[in-house]
Each structure stands twice: as structure tokens, then as C-alpha cells.
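Next up: some structures, all given as C-alpha cells.
In what follows, subunit A forms one complex with subunit B and a second complex with subunit C.
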Partner chain A sequence: MGTARYIARRLIFSLCLILGVSVILFAMINAIGNPVEVLLAERPGITEEMIQAVTEYYGLNGSVTDRYFTWIWALLRLDFGTSIIYNLPVSEMLVTYGLETLKIQVPAILIALLVSVLISVLAATRQYSRVDFGVIASAMVGHSMPGFLLGIVLILIFSYSLGILPSYGAYSTRNPLWGSDVADALWHMVLPVGMLVFFNCATLTLLLRSSLVDVLRQDFITAARASGLPERRVVFGHALRNAFIPVLTYLGILFGLMLGTAPVTETVFTWPGLGALYIMAIQQLDYPLIMGATMVITVMLVTATLLTDIAYVAIDPRIRLG
Partner chain B sequence: MLSTLAPASSPPVVAAPAPLLQVRDLRVHFHTREGVVRAVDGVDYHVNPAETLGIVGESGSGKTVSSLATLRLVPPPARMAGGQILFEGQDLLAKKPAEMAALRGRRIAMIFQNPATSLNPIYSIGAQLGEILMWHEKASRAEADARVVELLGLVGISDPGARLRQFPHELSGGMKQRVGIARALLCNPSLVLADEPTTALDVTIQAQILELLADLQKRFRMSMVLVTHDMGVVARMASRITVMYAGRVCESADAATIFNAPRHPYTRALLESMPRIDHSYTGAARRPLPTIAGRPPNLLNPPPGCRFHDRCPEAAPECRRLLPLETPVGPGHTVSCLKRGSEGIAA
Partner chain C sequence: MSDATLPAIAAPRQRAPGIWRQSWYRFRRNRAGLIGLAMVTLVVLVALLAPFAAPFAPDDTSAMLRGAARRAPSALHWLGTDRNGYDVFTRMIYGARTALAVGLGAMIIASVIGVIIGGIAGYAGGMVDELLMRFAEFFMVIPVFVVILAVVRLFGIVVVGTWLEDIPNLNLMTIIVLLGCFEWPPIARMARAEFLRLRNSEFVEAAHCIGSSRRDILLRHILPNAMPPLIVLVALGIGGAILAETMVSFLGFGDPRAVSWGQSLYFNYEALKVAPWAVLSPGAALFVTVLGFNLLADGLTDAFNPRTRQ
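Let's look at the complex of A and B:
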């Protein structure tokens, strides 16, 4: 079983990769210095004894290697420590905030995928037409536009001028929309998801359109047409599946990094997600939170890469794992 | 393959039946940034039922484009610019897209030049061939599979049942071309367009594939248009030959006439420039292989007059001015050359 052995080998390699990241992460956090000193030292009324006590409380007094192994052992038991700023278990926070991020990221990627497939087909089957140039131009604009700009424009239009969509948060604190929590949550999701869809769509469309243009020029497409197959079958069945192969890698990265790629969106819309939390943790040097979030993002990316490689086998019979 | 120049079959003696395919004054233009390239510029030919027509010409003479035009599949930026394509008496250019699609693969099928690129790499042989039957003949998966196995066997593929689940990359070049031929024959078409079907193949495989095509053509009494630049291939396969140059037809006749009594200077030059097994090109008695000096004209702004005039040994002043029209010079034999009595028009 070539595939099973390949996956086993990749799993071992992935574990090594994650361990490697953990070492680098730990070393970097250590290089910043003792967080207790950074946070507390040279403030009025802080004595050397107090610093000593707090350092001991957080277990920061051992040697670097001792602390690393303590940390990694705790990680294996899914104990990420306690957030310094929030004084809550990091594992609990990662789940709560992570789910809020997934709530906007997963729909955004899936909707963007669907929309970009339709737009790419529309453009690539009319190469060099006005439609095609329009699609390329808008995708270029979307691809190069700074993220916050669209968010602010969306808020200006839909929240400020029209007043039909909320500009911040994931829930209403009072009076949910139509008295329903589900409707209220969806209502809050519209703008952040819309913004993410736009940016994902721009990049996906650029990739997919050019890949599709290449595939549509191939002989086997002319051959499929010469066999009398209907155009929709030629484009969606024969061309699109081939065109998807180079796009798969990008899609894998999109899924793998989705916990870490939303800070701009989450900041603009004050969304209680992991991206915004991560930035805040870095600014406040909440090191258990920084390390926990980094490890979760690492594991997600490594897993997504592995799944992408397996997906390649499913989509392209020429690729054999082993 | 080059050793036998004798035509494969004798010319038809009875009165010609109504042609299966009649191409009249076909024009295909490429609209490029530099201007309009007249790749096919007023081409006439016909194919009789159950015969093989060889279309010969060098690269860029418009032979491939005119066979794609028959299926109305010229790729952009090419566009049909005029003419008539009568198939079984009906003008294909006047058909609705859906009617045209119903003919493709069912009544008119095509075999492509490069077997490595003309099969979809991500579908199994059974899936991509079966799909055509399921679409055209509303066959079930099982019926389609059975028919595909039958045809794969017919084109000389061993263990056809096992090939159904194989993918193109698992087959050799010759095998892939056999699959391409099986694909063309799935629905028993009455016309098969074979575009340089052996050019991309190994020389030893070429002979096998040509033999297979000749055999299948006779067996199913199909008509075939064999597009090639290889005189050796048409000599072996075609009963009639149309010679093209720079988007126009030079000469059309039965194969024996083309090889034994060619009239057009280009046809003659083409035949002279073929290597012959009874001539020596090395050693003391060697003589150089004749070539046609110069290059084909740029079809973006073709020179006035006959397209061949600046390479023609017989060119006269009027050849630079007048475009020769196709003129009969014998039974079933037409030539476009002012020096052979063709009428010329200023163009």
C-alpha cells in the first residue's frame, strides 16, 4: 500500500515539523526576555520580591530546557496554560475565539470558491472579450487593494448610510434581530464574510481564470468538442477539473492559514475572533496565548498541506504517492 | 514507408456518386493584431462515400484549419469568413449550434495529431470514451463499456477490458493513438477527419497505425480525409489527393495521376523533393536531394497573383498579377495554374 505508507511517512514528518516550530517559537519568546520583568518592572510600587514571586507563580524560574519540556508536555495534554491578560485557560479561549473565526472564514472560502469558479468560467470562455478584461481588472484591484479599505467602505455604505447591517461584533447584546439568535448571528456575519469573500475571490479568480485559459487551449478540449459533447460538459467536466489542479495548493493554504489570516477583517469589524485576539496577545506580550495560538495555526497549516497532497491524488490520476 | 509510391487503390471508373462532403470556396481568416491572416482562402474539395481523400501541404498551408472548419471548431482568433460545407447535401455552416454538435462525433469524427495531448489526462479511457456514447446514443454505463471494449479490441488493443480503467499516461504513444481512433469510430461515423494521425508517432508505429486506418476505412466503408505533409502516407492511403499551398488548392486528382502525371509546378516540386530508395544520396554517384527554394508567402498580406509564383520555376509575368482559378484538365483532375490554362483573376 503505497498511499498508506506515504501518509504514515508524511504524518511522522509533520510531527517533526511541528516540534521544530515549537522549538523555534519557544526560543523566540525567550529571546524577548522574562515577560514578568517586561510587564511589571520599573513600575511604581513593584519590588524585587514581588517580581520574584510572580516569576515563580508562572513557573518561569527554571532553566530554558526544563521550561520547554514542561511546556511541551503540557501541550500534549492540551494544557496551553493561562492567559496573563485575561486570566482564562488558553485552550478555552482558543476554542471560543477560534470558532468565531471559523464562522466567518469557512463560509467565506466556500462562497468565494463557488463565485470564482463561475466568474472564471465566464471570463476564460470569452478570452480577451470585454467581460474577460473586466474580470481581470476587478480581480487585480481586489488582489492589490489594502484589506481595511473595503471594510471601511462597506461599513460606510451598509451601516452608516443605509443602516441595514451592523458594523461591529458577532452578536447583539440586546434585542437580537427578529428575536432569533441564529438570524442575529447571520446578520452580523454578512459584512465580514462579504469582505473576506471579495479578497479570496480576487486571488482565486486570477489563478483559476489563467489556468482555465491554458486548459481550454489544449487538444483534448478540442477533441471533446469534436466528439459532440455539450459545451457545459466540456467546460465544467473536462476543462475545470484540469484547471483546478494548480489552484488546489492555494486553496490548501487558504484553509490552513484561515485562523491567522483574518486579523484585518476582525479588527475592522471588531469581530471576537482568533486573528484579532492573536494581534492583541502579541501587543500585550501575553505569551501563553501567543504560543498557544501559534501552535494551533501551525498544526492547522501542516494538516491542510497534508490533506492537499492527498486531494491531489484524488483529482489527478498521474500523481502517485509513495 | 517511403519505398512504395504506388497508390493504394485504382481510380474510380464509374460515374462519380454524389459526394459525401463537398467544400466550396471555404475561407477561414485569423484576426490577429497585425491584421487578417487568410489561412484558408477559397478552398474547394470533395470526398466521395467510402473513399480516402488525402490533403497534402506543408505547415501553414491551411490543411488542418480546413478540417477543423468542417466541424466548425476553428479556434479563435480564427473565424469562418465564407464558403459552403455540404455534408450529405446539407450546408453545415447554416446549421444551428445544437444540430452541429449532434453531428460531431456521431456522423463526422476526428482523429488528432498528438495522442499525448488529445486525451484528457484525468479521466480513464472507459470514462472518456463511454461518455460520448452515453451522450449521443443515450447508452447506459454498461452498454457504453461493452461498446468501448469492442472498439478497443477492434483497433488492436490487447486486454481491452482492463484498459477501461487505465488512464492515458499508462499507455504508450501508439496505444494512445489507437484509443484516439477507437474514440472516433464509437458511433460509426460516415466521415472521419484524420489530422496528421501518425506525425507524432515513432516510425515503426506509424506503419501499424496507417495499416489499421486503411483496414478500418475499408471494413466500415467510411469516408476519410487524411491530412498530412507526408507524400509517402497519402501514396499508401488515399484514392484521391488534394494538394494545398498557402491556403489555396493547387491540384486535385486521383492518386495515380498525382504521382504519375502531376501538372502543377508545386506538386512536381514536392514529388521531386522526396527522397527515393532507388537514388543514392551518398557515395560517388550521389546527387543532392532537390528542394523548393524560398519560403511560403506570409498570408498576412499575400502577394498578388499566384501564391506560388516567387518559388515557381515556370513563373511568367502574368503569374505575379493574376490569381489562378481551379480548372479541369482531365477526368477528375483540376489544376490552378495559369501555365496550364487556368483562368486568372486580378487579386
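Let's look at the complex of A and C:
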């Protein structure tokens, strides 16, 4: 099977996935009962007429299939409806909050990659040494450390004990650091990004180290050394490129994990991102916001998986497509 | 009879150690695995002996009445008291019970679903295999944690006023069932690979030849041999499920009536600055448990599969 056909197949499967999630989400919310009744269940003093009026206002009086297609058709035109609680277009809110989430997650993954490459090269070229064992042990411990606990510890140390970094929010409400908004934003990013870097680094280092150890034993490395290449080029040029392949597939999973647990991360740091928005939406039962946020998170996850799948075949021609 | 011939005739040849015993020999030499086993044993013992180990009752808030809420660790309250007047050490010990119930409950459900789906896919092959594995892949890509949060919240509203409301700890059980229903795909994939490998092995062929029923072949010949890698996944999954439940509770969607580490974290996070011990203690317990299960799973991988050892 050719690469183009493989990519087309993955693309179709991804679209099916997104569609499937949308059906399940919609069915789940409707199976639970009339959204209006659920919405008003926790608010006393509601009359039958008010329920009628609200149902009509949100266009909820058609059949389930009709409403599903109306919703999906609106989604395709990027119309996510209006938030019930905030009375703002959901699409606008998703963009604003989504950018805040990416603002900490993308730098975190990039920095983590860089750091884990350096650490694993250090460990793998000194296999079974004290450095190597130290790296494995601390990566194993870090891998098991739940991210949000680490965040709490970081806040205790850097915000409460030392008082040098802010413990919450993405911006200062007044008096930004050094009078500069950029410096202020960066200053607020340090703790959440630091936590995510540590969280990603531990797992990436474990993977990359064992992959590097494997590659460094192979014949072509011996050949490269025998041909008189400097060790630095053997490790960084030849070995690292090959050791990276299994790590690459993991990047998609890691990004998904980070996005999936964004609600926790953003609660710890009171970060105004997609996860925090999602928590507010389900606490307040803001249906358009719940459905919009879930769809956006799903699309981001599926895209990450798709990109890693494609990158995988692009990098390693040995992989049999199927 | 001379002594020289005796051993050769009389002493029966010792039976070769089986797969489990061999694995135990290898596991015993793995330091990380043993540390993990010790940590897990500690958590299990603490959970079993909670009423004897805990200095106070889990619902004892008398410290509040004495005006001793949010007190730092002391001789009376070893890990201090939290903002509700609970003894932090007691709540930490009782939390181990909830954690293990969540981990075991979720993984039992996940294993049953995973083995059935994976087993059928691997043994049947063809179109059935393709469909079931696409189905599993679907569950691996959707944002599980996010979906669980929404379902727990919505389900909590739906049950109000129905008979379901009378079930004790309904909320916690919902979380357990949901975790089980979402954590099965890795088990199904592994079960499929193992069933596929064993389906064509010689001893299964031999069982076919002597006329064993298909049920016997699946349950008595293939399943026991497929167990080792599945056990590793279950050990990993228990830690994962405990972590997930704690995060759900930490966000405030947990069971308010359950004594769990996540609940303690949720109630005390606001008071982090004043009473950090009330947050750090359940956090440390969670960390030890998750690390224990991860190390145990790591040791088991090496023990069951010596070739992957590096």
C-alpha cells in the first residue's frame, strides 16, 4: 500500500472518530433527559411555562436526529452556539481559552524534548554507570509522580516559601512585572510550564534512553565509529536520529495526556485555559460550552494522533503500512 | 544394592520449575520490582488494618469543636488536622481502602471486557478482528478523563429522586464503572496479540487433535498462557485508576461521602498556604501507591519476559 493511500485511510478513520465522538456526546446528553429540565433542576421556583419558553429559546423542541444534524451543520460552519452562563459566542471563548492552554503546553513539550535528549545521551553513552542508574531511578520516580502533586509542591516552594513566582493566573491584575506585559506573562508561565516539562521529561527520558542504548549496540554505529567519525557525530548524528522513532509516536500520546489532564493542571495553577473553562462549564451545566469544549479537545487529540502516524511513516521507510 | 546405582534409579527427576516459579526466581533478583512489591504490600496492609492502625475514627471532627482545626503535626495528631477538624493521618489511612477498591474494581471490569473482546478478536481473526480492534482504537483516542468528568456530573443529577439515589457511595461506584469501561483497550490489544500467537502454537494444535472442546482450548489452554503480560497491564492500570479517581475527586466531582485522598486534596487545597500538611499527606500516599504499582509492573515485565531486560 502506498504512503498516500495509508494517509488517506488514517484521515478517513480520524474523521470517523470525530463523528463518532460527536454522536456519543450528543446521545449521552440527550439520554440523560431533557437538557432544559436538567439545567433547571438545581434552580428552585421554576414553572412549566418557563421550561417551555427556555426549550423554545434554545431550539430544543425538534426530534433528536433533527437537532443532531442542526448542531453538526452549525459546527461545520464553526458556529458553536452561545454560552448559557456567559452569554458569549462559544467559538470566541474556545479560541481565547484554547490559546492560553497551548501557551503552556507547546513550550513545555519543546523544552522537555530538548532536556530529555541531553539527559538520555548522557545516560546512554555511560550505560550501567552511576550517572545512568541515577537518571533511570529519578526518571522512574518522576514518571510516577502525578503532575498536579508536583505542581502543588512547586507552589509551596516557589510561591509560598520563597515568594519569587506567582502561584495563580496568567497575568497580574495590576502592576505587571517590570511594567512589561510580556515579561509578566512569561513570569506567570514559569511554574505551570516547569511542572509540565518535568512531567513530560521523565517519561521521554525513560523511552529515549532505552531506545538509544539499543541503537548504540547496532552494527552501523560500529561502522560509523570505525570509519573515524568523531564520537559526537556518531551519537548526535547517527544514533539519535534512529533512536527518535519510538519517541515520536509517544509524543502524540504525551500531548493527548497533557491535554486530557489540562483540567487538573489548570485548577492547580488557576490558569485561564481550556481545562478550567471545561470544569466551569460542567459545574454550571453550560451545555453549548460542554459540547463545544469536548469537540475541540477531541479534534486536537485526533489531529495529534494523526500527525504522529504520518510522521512515523515519513521518517522510517522500513515500516510496513497496513 | 550398592550405593552407586541408588540415586539413578530411586530419586525421581525433579520437576522443572513452571512459568510462575521461574518468573518468581527472576523477580526476586529485581531490586526495583521488590521495592514496588513492598510498597504495594504496605498499602494493602494499611487498607486491611485501617481500624487498628488509625488513631481516630474517620468521621471524627471533634478537633473542630476544640478549636484545633488546621493545627500543625503534633504528638496527638501525627500529621496535623485539616480545615474540617479531621485527623489527617486517620483520613490518609482510610483513604487507602477507597484507593484499592477503585483500582481493583476498575481493573476487574476492564480485564473482563478486555479479555473477552481481545480474545474473540485474536481467536476469530478476519473481519471480526478488524472491527473489534478499530472499536478499541476509538476508545484509545477519545479524551477519556474529560468524558468521565462530564458523565459523573450529569449522572449525579439524573439519579436525584430515583431509587438509585439510595445506593451507598453511588458516585464512587459510577467512577469505578466508568474507569473500567474506558481502561480496557490496552488489555484487549494485548489479549488479542497473545491469543493470536497461542492459537497457532503446537500445544493448542495437540489439544485440537485429542478432541478438546473449543471452550476448553480457550479457557484452559490459551488463557492461562496469555496471563503474564496481562497481569503487567493490570498492575499498571490499578495505579492509573487510583490516580484518575484522585484527580476526579480533586476537581470536586468525587464522592463527598467517601474518605478518599482526592477528597482530602479537594477540601484542603484552598487552605494550602495555612495547612500544607493536609494536602501533602494524601498526596504522598497517592505517590507511594502509584510508584509502587509502576515499579511492581516494571519488575513483572522483566520477570515474565527475560529477553527484554537491558
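Here is the rule we use: the second predicted complex is superposed on the first by the 292 of 322 C-alpha atoms of A that agree within 3 Å, B and C clash if a C-alpha of one lies under 4 Å from a C-alpha of the other, contacts with A are read in each partner's own complex, and residues count from 1 in each chain.
In the analysis below, a contact is a pair of C-beta atoms (placed from the backbone, for glycine too) under 8 Å apart; a residue touches a chain by one contact, two chains touch by 3 or more.
In this text, all values refer to a predicted model and were calculated from it rather than measured experimentally.
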Room on subunit A for both subunit B and subunit C (clash or fit): fit
First, second, both or neither for A:F148, with subunit B first and subunit C second: second
Touching partner for A:R241 - first (subunit B), second (subunit C), both, neither: first
Partner chain in contact with A:I315 - subunit B first, subunit C second, else both or neither: first
Touching partner for A:R233 - first (subunit B), second (subunit C), both, neither: first
Between subunit B and subunit C, more extensive residue contact with subunit A: C
Contacts of A:R225 with subunit B and subunit C, given as first, second, both or neither: first
Overlay on chain A, subunit C to subunit B nearest C-alpha distance, Å: 12
Common ground on subunit A, meaning residues reached by subunit C in one complex and by subunit B in the other: none
Contacting residues of subunit C [partner subunit A, same complex]: 32, 134, 137-138, 141-147, 149-151, 153-155, 157-158, 160, 239, 243, 246-247, 250-253, 269, 272-273, 276, 279-280, 283, 286-287, 290-291, 294-295, 298, 310
Subunit B contact footprint on subunit A (complex, rising order): 127, 217-220, 222-231, 233, 238, 241-242, 315-318
Interface residues, subunit B side, partner subunit A - complex: 68, 71, 73, 75-76, 101-106, 109-110, 112-114, 117-124, 128, 131-132, 135-136, 167, 169, 180, 183
Residues of subunit A that touch subunit C when the two form their complex: 13, 17, 20-21, 25, 28-29, 32-33, 38, 41-42, 140-141, 143-146, 148-149, 152-153, 155-156, 160, 210, 213-214, 256, 259-261, 263-264, 267-268, 278-279, 282-283, 285, 290, 294, 297-298, 301-302, 305
